[in-house]
Amino acid sequence: MGSCDPVLLGCLLTVFLPLSAFALIMIFTWRYHKLSMAISLVASTIPLLIAWYFFFTLDVKQPIIYNFNWLVSDQVKVPFGFLLDPTSVLMFVIVATISWLVQIYSIGYMGGDPGFGRYYADLSLFALAMLGLVISSGLLQLYIFWELVGLASYLLIGFWYEKFSASEAGKKAFVVTRFGDIGFFMGLVFLTLYFGSLDIATVNSAALTAKMPPWLITTSALLIFCGIMGKSAQFPIHVWLPDAMEGPTPVSALLHSATMVAAGVFLLTRLFPLFAASATAMSVVLVISTITLLLSSTIGMVATDIKQVWAYSTVSQLGFMAMGLSAAGLAAGTLFPGYYHLTTHAAFKALLFLCSGVFIHHFGTNDFFVMATQGGRKLLIPMATITIAALALAGIFPFAGFFSKEAILGALAHLPNKMWLVLGLFGAFLTAYYAFRVIFVMLFPKEKYDKYHLETDPHAHAPAHSHGHGPGPGFTHDDAHIHPDAKPGHEHDESGHGAGHGHDEPHGVPWVMSFPLLVLAGFTLILGFCQGSLEKYLLGESAPHHIEYGLLVSAVSCAFGGIALAWFDWGRRGAKCVGFISYVPVLENFFIQKWYMDHFWRWFLNTFIYGIFSRAFTYNDRRVVDGGVDAVAFSTVGSGRLLSFIQTAFLQYNLLFMVLVLAGVGIYLLMGR
Amino acid sequence: MNFLSGLFTPQGVASAAFVLVMAITILGALIAVAARNIFHNVLGLALSLMGVAGLFLYLNSPFVALMEILIYVGAICIAICFAIMLSEPLYLPKPPRNRLKMLGAVAGAGLTFVFLCLLIRKTQWTPAVERSTDWSITTLGHYLLTNYALIFEVISLLLLVAMLGSIVIARGGRGSS
Amino acid sequence: MLLFNQLETYLYLAIVLFAIGLYGVLARRSLIALLISVELILNAASINFMAFNRFLAPHPAVGQIITLFIMAVAAAEAAIALSIIVALYRKLKTINIEQATELRG
Amino acid sequence: MTEHPTSFPYLTCMLLSPVVGLTILLFLKEEWDFLIKAVSLVSAGLSLALAIFTFVAYDKTLGGLQFVEKYEWVKTFGITYFVGVEGLNAPLLLLTGIVIFTGVLTMWELKNRVKEYFIFMLALVTGVFGVFMTYDMFFFFLFYEIAVVPMYILILIWGSTRKEYAAMKLTLYLMAGSGLIIPGILLLYSTSGLFTFNMVLLHGVKFSPWIQKVAFVMMFFGFGVLAAVWPFHTWSPVGHVAAPTAVSMLHAGVLMKLGSFAILRVAMYLCPEGFVYWKQLMAFLATAGIVYGVFVGLAQTDLKYVIGYSSVSHMGIVCLGLATGTVDGLNGSLFQMFAHGIMTALFFSAVGYIYDRTHTRDIHELGGLSKIMPVASAFFITAALCGAGVPGMASFWAELLVFIAAVKVYPVQGLLAIAALVVGALFALRVVQTSFFNEPNPKFMHFEDVSPFLGLPRMILIGTLIFFGFFPQVMVSLIKTAVVPFIQGM
């Protein structure tokens, strides 16, 4: 039945091509770099075409659903299927596009890395998992791909596994997201047991028509939100995402900003009716996402690693999306604002990361102060595109971010309590500030940035320099490790690869790296104007779009306020080059220490998991259980030894004893007669 | 004077002789275990065995009595004598007796004695209904080679094995010459 | 009833012999004395057999044959025991049973 | 249960194949190294082929007991040679076949007393096959003991770290277990009034409740020792550590399943009321094992100890599934037996390769192995991910089924077990990180990676895991044919 239906065939191809690419590369071709790359590219290009084909030609007003039995036990039935509706098709397009662009970009970025083949295998695994996640029809199937995405993330973060911090970050990411997924899984178990179906469409319609008991809706929504918190890095388990920047930069762009972390928000939109049916759940979401937004924006203000800045920015924007969704859920709005922001964010954040990747690749450092002093602004294309992306991030007209932020703030404005709106605006202000802090530092480098250099906090990934260029002034080499991010750049420089592009820079940017930048910049520019059509696509009709000028003005002024402050602090000639926050050293230190969240979790892990449970159980195992058994064994041996003292080898005593007993027993027996 | 007159009847003589035999047996046995000189023990044993042989005469078995003297007194006691000569010299000073051990032994023996006495007293000894009266040595020999031939064979085998075994043990294993 | 015509007489005599032998086995130190005591015990058993044979058994040959068997066994036992004693003496330079404690636990 | 006799004695052949191999080995010279291994491989391969055949050829629509062979053996005691295949044991026969086949391949490099080693290994596997296929309690126990005893010698002679202690401990534990099993079996035998050891017939007897309770608890603890039910698990990590590679594989992969299978096959099957009475205890012990195993595993530094404790945890999942007494739970439990068997076999064979080279299993001393031997490391990492419950592997499905069933029947225990998954992931990844990632230890730089031939058994194991991870229905539909009547009969 499958092969004749082109839509189904497309879905199947989408899932199985990357899968077979992964298997092929991992088993056979991982030693052959070019071949592996080719396989992986083929396996990602076809889904890309399918995605755009679906987007433009397929009518998904009525969701297209395919279901096959995957596992049929008694009560547990897991179908394998595809659900194509506007929500999934749009995400499908986003994922396929960015995934493809990143694969192209990685040709340049990862060129010459000894693990090139493995890298592409892992990317294929990610593509498989993410695409499967997006178009899956059942929640359990979604969960499976969700876990696979986590696996891919683990493998890619720890890609440079020789480095302790990388492998540690990979582990952290996997375990922390798993921590949230446990909640997700429990939610699914509850749904299975008390509702009976995990089909997304069924669950949503049941929530809409109140077929589900309210307690179940709230419980399962909250539990599922645990998973979302893990994957989308919401407070308090956001700590893995900044660390995940240990992975190669294209991976950060693909997984840890544009697509994978957005999977949480995607799930929130997927189950929007379910969540919207429970005011409690939505309030929790709103609170948590607001905390996340503020927390990560403030940390982003003080980070010195360019990837850290964008990482915290990602966390805050994810919080922003969740805010939009929850506000919409509480105020009977639509899922559009949050989802729209997801879309635009995917474009401009991927762009930010890829641009940063170019700088990192070029300068062999993650520290944007060093990049600035070494003439980062001379790389024209990346500099231009990163500025565009930062403008979008800050929410400046006419870039995409402006429209989507506007939509979310609109949703927040519908809430009866205006505090959320104020907090959202404050978040937007901070966002603009930290984004332009980076941009201004890069654009207008100063001679010396001593403060942030000498005070790199222990957890930030302090730049290490092994590059051919000498260390910049004031740069302290405080990390013994060779930063692997520097490696590709280094080799790239030596091999002289990347010639033949129309660039006047001495080292230049290979076209495979600049092409994705340009494409994404294009998206960032045009996406804003697609708001209407996208809304129509997603919701079926375009809501009447009345512009609230008060909100518009305040939002834009917040953004410009942030930019202006950044200009004042970092950009203008003679700026002090210290953040305004340094006037409150306590607070600054608090932000630099990332609100002590890492410390908290480390403490939690060491004290409870390793310290109390693990140690106590191990002690119990060694001493009590094992000791008990050994004690039984030893007491057996001991009592045998004790008894053996009777064995004096004095035969006559033994005999005497025997005789006495026998005679005694005999007499006793005879007396009784 | 029933007692004295009775003493000189055939039964009386037989009884008196029987008492004498019993006395010899017990006296010999006592010497065999109580004397401190090992050689006296052997002589006591011989005496006791002679007494036992006398008892066998009273039990209508002159052949067995003869055998008793022949084998026990004639063979075993002599063998023991050799063993004494081959082992510890007699002139060595003897360690003092262990009172406690002797007390224990007396208790053990006494208790066993009591037990066996009780056993004898409490048992109803009934003779077989039909009893043959054929006590001749011929019959004994006949039975030994027909009905009880197995015992005969086993005795032979046992003696052979014992002989070989004692040679092997006494010559001190494979190593010594 | 005459003394020598009573089963009990013999039985009591036998157990007296047995008890004396047992005492010897339990009290004596010398292995040879032990052997002598064992011979007494065996004789006690022989007397029993002969007495039963005389007073109770259906056929008089059986007890005699058993007694003969016991004699042979005793002879064999004596031979073996004596050779063991000799060997032991060679090894331990003593025939005191209290010194032969190699099997002590 | 309907019984379908067979035209050809497949099961007897499967059982006898290692016996024949072992007999041939007896007549081979110690020096003929290659021949010895080849004979063992062929006999193991034959068993595997037959196991696959029965797995595939089992008619799911027909159901019941198939490939049945039944001969009276000792009529007076009611002992029958009665073997058959149904959904319950078909996966386990397949598991045994795969593990012994790969186990022989894994030990291809063995140099020390090759002949004796393979003889004992084949003897052991005969016992295992026997336990899984027989439906007569007498033979069941006989084979059970056959499977247990060679383990002692295998560990004692070819083992490593504290092998005397481990071998002794293992044997004593298992013998203590047997000491509980025999009275249980005999209690049922004597009170049935049928004078038969035939389990299918005994199933028809309605034992009085107290007998069921007593017999069940005896057999549960007796077999539970082998299934490493908490707190009788301490022999298993010690034993795994001491045992040579293939024995660890067989031991953790197959032998522990004997215990859980026997709980299902004998205890639950014959004493359903006893099961109902004791199931709360079962669930408690199982959950304790799950939680406990991961936490203790977190503190271990020896690779094999880590795996040992992960086995304790995973066997807890098996036990939890059994304790639910629902179709889903039993499906999951049996599936988990299979999946865990393959997974641990993979674990141990990967560790065995590394240990043979580096002569250390300390996770801190190793390190960066991915750089030195990427393929060997990939095997271990795959197993670790499987152990952490990553989808796409067989054990994911098994755990899914068990957990859903468990939450339904025992909400608290079920949720606790699910929560333990986080720690499970943490401890699997901790080991992977410390010993396979980071900077390589220069001491081990010169070691070579797995050769394709030695990689073959590991690839077979991974392939099996992934196959059943992608197509769980192949397994579950088969298991279900037996589990559904099983539950109805209870």
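By written order: A, B, C and D. Residues from 1 in each chain.
The rule is simple: contacts are C-beta pairs under 8 Å (C-beta built on N, C-alpha and C of every residue); 3 or more make two chains touch, one makes a residue touch a chain.
Remember, it's a predicted structure, so these values are computed and weren't measured experimentally.
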Pair sharing more residue contacts (C-beta pairs) when B-C is set against A-D: B-C
Averaged-CA centre spacing for the pair chain C and chain B, given as whole angstrom: 6
Separation of mean Cα positions, chain D and chain B [Å, integer]: 69
Computed distance of Cα centres, chain D from chain C, in Å: 63
Inter-centroid spacing, chain D versus chain A (mean Cα positions, whole Å): 37
Multi-chain contact sites of chain C, meaning residues that touch two or more partners: 22, 26-27
In chain B, residues with contacts to at least two other chains: 101, 104-105, 108-109, 112
Multi-partner residues of chain D (at least 2 other chains): none
Every chain pair meeting the contact rule: A-B, A-C, A-D, B-C
Touching residues on chain D, where the partner in the complex is chain A: 169, 172-173, 231, 233-234, 292, 295-296, 298-300, 326-328, 331-332, 368, 370-371, 378, 385, 388-392, 396-397, 400-401, 403-405, 407-408, 414-415, 418-419, 421-423, 425-426, 429-430, 432-433, 436-440, 472-473, 476-477, 480, 484
Residues of chain A defined as touching chain C within the complex: 641, 643-652, 655-656, 659
Residues of chain A defined as touching chain D within the complex: 26, 69-76, 78, 140, 143-145, 147-148, 151, 154, 158, 161-164, 166-168, 170-171, 174-175, 178-179, 182, 185-186, 189-190, 192-193, 609-610, 613-615, 617-618, 621, 625-626, 629, 633
Parts of chain C lying in touch with chain A, wherever the complex brings them together: 22, 25-27, 97-98, 100-105
Contact set on chain B toward chain C in their complex: 11, 14-15, 18-19, 22, 25-26, 29-30, 32-33, 38, 41-42, 44-45, 48-49, 52, 55-56, 58-61, 63-64, 67-68, 71-72, 75-76, 79-80, 82-84, 86-88, 95, 101-102, 104-106, 108-110, 112-113, 116-117, 120, 125-135, 139-140, 143-144, 148, 151, 154-155, 158-159, 161-163, 165-167, 169-170, 172
